[in-house]
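So that you can tell them apart, the chains are marked A, B, C and D in the order they are listed, and the count of residues begins at 1 in each.
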Amino acid sequence: MPIAHASHAELLVSDIERSREFFTETFGLFVSDETDDQVYLRAWQDFDHHSLVLTRAPESGVAHISWRVEGPEDLNAFERKLKALGVDTWWVAGGTELGHGDALRFVSPSAGIPFELFWEVDRYVERDPAMQSKLPSHPQRFLGRGVSPRRFDHFNFLIDDVQTEQEWVSEHLGIRHNYYLAGQEELRLASWLAKTNLSHEIAFMRNRGQTGSHLHHVGYFLDAPDQLLRGATILMDAGYKIEWGPAAHGTSGANFLYVFEPSGHRVEVWTGGFLLFAPDHEPIRWDPETAPLGLEMWGSPMPETYLTYGTPLTPEIPAPTA
Amino acid sequence: MPIAHASHAELLVSDIERSREFFTETFGLFVSDETDDQVYLRAWQDFDHHSLVLTRAPESGVAHISWRVEGPEDLNAFERKLKALGVDTWWVAGGTELGHGDALRFVSPSAGIPFELFWEVDRYVERDPAMQSKLPSHPQRFLGRGVSPRRFDHFNFLIDDVQTEQEWVSEHLGIRHNYYLAGQEELRLASWLAKTNLSHEIAFMRNRGQTGSHLHHVGYFLDAPDQLLRGATILMDAGYKIEWGPAAHGTSGANFLYVFEPSGHRVEVWTGGFLLFAPDHEPIRWDPETAPLGLEMWGSPMPETYLTYGTPLTPEIPAPTA
Amino acid sequence: MPIAHASHAELLVSDIERSREFFTETFGLFVSDETDDQVYLRAWQDFDHHSLVLTRAPESGVAHISWRVEGPEDLNAFERKLKALGVDTWWVAGGTELGHGDALRFVSPSAGIPFELFWEVDRYVERDPAMQSKLPSHPQRFLGRGVSPRRFDHFNFLIDDVQTEQEWVSEHLGIRHNYYLAGQEELRLASWLAKTNLSHEIAFMRNRGQTGSHLHHVGYFLDAPDQLLRGATILMDAGYKIEWGPAAHGTSGANFLYVFEPSGHRVEVWTGGFLLFAPDHEPIRWDPETAPLGLEMWGSPMPETYLTYGTPLTPEIPAPTA
Amino acid sequence: MPIAHASHAELLVSDIERSREFFTETFGLFVSDETDDQVYLRAWQDFDHHSLVLTRAPESGVAHISWRVEGPEDLNAFERKLKALGVDTWWVAGGTELGHGDALRFVSPSAGIPFELFWEVDRYVERDPAMQSKLPSHPQRFLGRGVSPRRFDHFNFLIDDVQTEQEWVSEHLGIRHNYYLAGQEELRLASWLAKTNLSHEIAFMRNRGQTGSHLHHVGYFLDAPDQLLRGATILMDAGYKIEWGPAAHGTSGANFLYVFEPSGHRVEVWTGGFLLFAPDHEPIRWDPETAPLGLEMWGSPMPETYLTYGTPLTPEIPAPTA
């Protein structure tokens, strides 16, 4: 099981200037690198070069989601394994995306999720003396500016067939199934998975409209429930639309809010909840009676858009060589 | 302006055993006295004998809401003033309700709200050594049991004509108008008033169904937003229905949740928000465009019941003497 | 009792540039006005023009602390009363200090504290559209930048004779005595007083070195304990010295921290604690056994500087006219 | 690397009645089993049978600390490996300690820490309907009683030679070295290690008095900084001695407090801080200049007892068979 952890996402954004402003001024991420068409972002305690890439594009979408593997041998091993499964893979040379080495890419066969795996990575080093922390454990000074999450947390997708995707990802990528919502006649409504001790690093939720795969959101982690409420007030007063929350997932126990950034991607900021340590953890089942509490446990009503709206998956798949 | 502050409410409860259990085991109030048909309750830092009386009754309702005056002369002064206004008043002898002295009662002419005024009061003294605090500022030990609010805060009523009631209460009881919602054509939708520096001690909201005056809720104050979220989880897991929240009033800035206790009364627990100090404070106006943010500023949708459901006002008015 | 509430302080600062940077960038106040030699500051929900004035000076000190009175007649009434007590008073014309009208000044006879009283005041109006809030209750948009207190709270002085000053201020200025520390043989060690429902708006603590009157600190109020901890990390990582805290006063129940700003003034940021509503409130006594818990209730040791260090009082007293 | 995660400790307690009362009534753990001489405890979201065993004894001490392995084969593999290293091991039959299967025990060669490894475990099942949660993710209802940590977190030992122990534990038990304090001339002052993504599951700190190995503390995790402050007030008002905190470790970023339970063991309750995901994480070095911030980052002074006091290690080592 050589995947180590979820690392970052590349989001295509239709309005890169306003998305950049949202993520830096209000959401509280930091720019670690920038080109004419890309902004590389990280939370204040993300240790690697970036956890989010914004790429200028005519339409918003998701270019890839990226995972770090456990060691230098794992990329080739994954290439062989995927080929054996009949999954096309291709390489993106190190430095094409700044901050990490050669990357193996593929799309998952059922839901078409654009995965990337890599090993070599640049740890973030703060070069601006005014932004260096007094603490060796802080890759940069803590400013508390904006919502100010501590670190990247997870990805979530709205797809048509949750169970098939979950089973493929668990079996072939070794990402453990942690909890799920079971609908009538065992129709799988949602599944959450992780390789680390986090409650989840990737989730799949059933697209109510059955309109194919979309990004539901990327999630960042904040230190405390009170900071989530403070963040909600900052977002409201800056004019951004909170779709849902602050409220609480019964599944993980985490407190959350969802907000739309200016290019249309949904972003979650969340805090708290459980970690899972048992090596033989059995996925926790939420049946049709308890599922509503699983999604939200205090009684905050789910907005209609929550299970219907997402942003498209737009992997840049190379043309087959003749 | 001789009213000092809002003090307590007497609620008639149709199921006193279950209401008692809710308020003590889960909400976290303490019993300071008890008779066969009454339970006297206070929050852990309420300094007086009680801030809530539950009285056994066939139907739930509100017997009275009570205010302390600023000095011993004020009760008679109020009696004369109300008589001059044509408002009937009557006395309830000290000790009839435990914990305070002679009380002057009346109902407000427009909305029929059952007011009580009193001066003499018993300060709470903890007699159980195991419950005494190490701190002279704590009337009892802090246990943090249940939701555990610090103190009583305010009353709120659903009435048909907000403006008339607000103007009478401000003019004749000297309770300042602090903020209000103005609907179309200046129809007053809600008003919040206080004698102290609190954002409000009493509020009036327009009954959408125009079915007459009802108690909307009694409110208790909690120390921190995080404790509100903790309280929501305690209430949910104990099986109580949270009607709305945790969320945030834009008006006062306070974080809130509303829950129904077993006899049907709505109870609010809230925290934070502003205090008002200016002696010439002008009521803050929320017009039809901003009013929704005034009620809730993060986007949590108001439940239908919020402006339609309340519990009846049932003052025990003495028969006129022949 | 015509004083309404504590309003603001004028601090002389030996390094106005660095003090300005501290109060704006890190502490999170906002500049409402500025001249060559003065910076006018307010917290994000201070409703008036300013709650702090920094004035360029060769040595740090306190020019005056200022209180608003309850009505336009009160200034002249105070002038007559103080004259009758043999206390010199003088007027500072409205506009000399920006943001408020004519002010009456005097120093208290025992401790020499430089008081100012005023009535007319400019309410703060946000003119920058990017800084305007969506909420009528917010005088400006909430950014959450830096420590970001909600409002000014109180003054605290280190003086040689606490009891004499407390009694004069309570009797002649009508500011209620709320709680105190009694040392051996009833030597008064500290007293806290307020006109509003706050636990205190002004405090006096015994100067251990008996070196005369000094400002101990000015205090700002923050919304939540978690924000206090967040603020401590911001201050630490910005290189400022936290003298004490985050910790908890047993007296008021408030959570606190003290930090030194670059010109040497101690500043407190605090949150929570009680309000006092009883019109006949008796001062809460902390005797020699409980006094340590009164200062700090969790066991965080008091630093030596706490009862010895302050900044001088330097009122600008006009020369007597011949 | 077949250890999965830290699981529980068995503490010998000289006053089991008062220790039981502390851990249940005030600290907020729950009894999952009990015999005449043992109390089995768990936090409300500990998924396994227990995370702490209190065993009646004439003197307080530590019988063992226990870790779960990754699979059923790992116990025998560890037995062979330890034997090859010349470390004595012995088996304790499943059910001897309630709640888990056969256990392999040994003491580490340098510091003599009494380790236990096991595989089979009873997941906790709530049988009392009144204590069952509405949520499948909650092994029991959330009451929020007392300090109320969410789960067990870690062990910490005071030992004479930190580096030797850390290196043995990392090399032979596969527990990663995450951060450390380096003193003058590279004398290792403290090291923190984990197998999971937690900042640490076990730590070693240099015993200043060089009096041999002792338990420094067992640590439990709480959801939010505000709950830590609430917990401090509960502990103070119940008469327990807080040794240090609430304050903040710079190393992990966690907020903490230490309290002594009635039999003399130090207990930590903490919250927040970082998780570590990089498979090639290099231990973070705190040198003599930054080490004080590593121990506490806001400036709260370390008490003298912190690096000198612990409770003895008292493994029950079977007599060698002839």
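Basically, a contact is a pair of C-beta atoms (placed from the backbone, for glycine too) under 8 Å apart; a residue touches a chain by one contact, two chains touch by 3 or more.
Just so you know, these numbers come straight off a predicted model, no measurement behind them.
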Next on the checklist: Need the graph distance between chain B and chain D over the touch network, please.
Outcome noted: 1
Next on the checklist: Looking only at residue numbers at the chain A/chain B interface, is the share used by both copies over half or under half? Answer same or different.
Outcome noted: same
Checklist outcome for this item: Set C-D beside A-D; more C-beta pairs touch across A-D
Item to check | Distance from the mean Cα position of chain D to that of chain A, given in whole angstrom | outcome: 32
Item to check | Computed distance of Cα centres, chain D from chain C, in Å | outcome: 45
Item to check | Residues of chain D touching at least two other chains | outcome: 134-135, 138, 223-226, 233, 236, 293, 297
Next on the checklist: Taking the touch rule as given, give the residues of chain A at its contact with chain C in the complex, in rising order.
Outcome noted: 133-135, 138, 141-146, 223-227, 230-231, 233-234, 236-239
Checklist entry - Of all residues in chain D, which touch chain C in the complex? => result 224-226, 229, 232-233, 236, 241-248, 255, 257, 293, 297-301
Next on the checklist: List the residues on chain D that touch chain A in their complex, please.
Outcome noted: 4-5, 45, 47-48, 68-71, 134-138, 150-151, 179, 196-198, 223-226, 250-253, 272, 274-275, 277-279, 284-286, 290, 293-294, 297
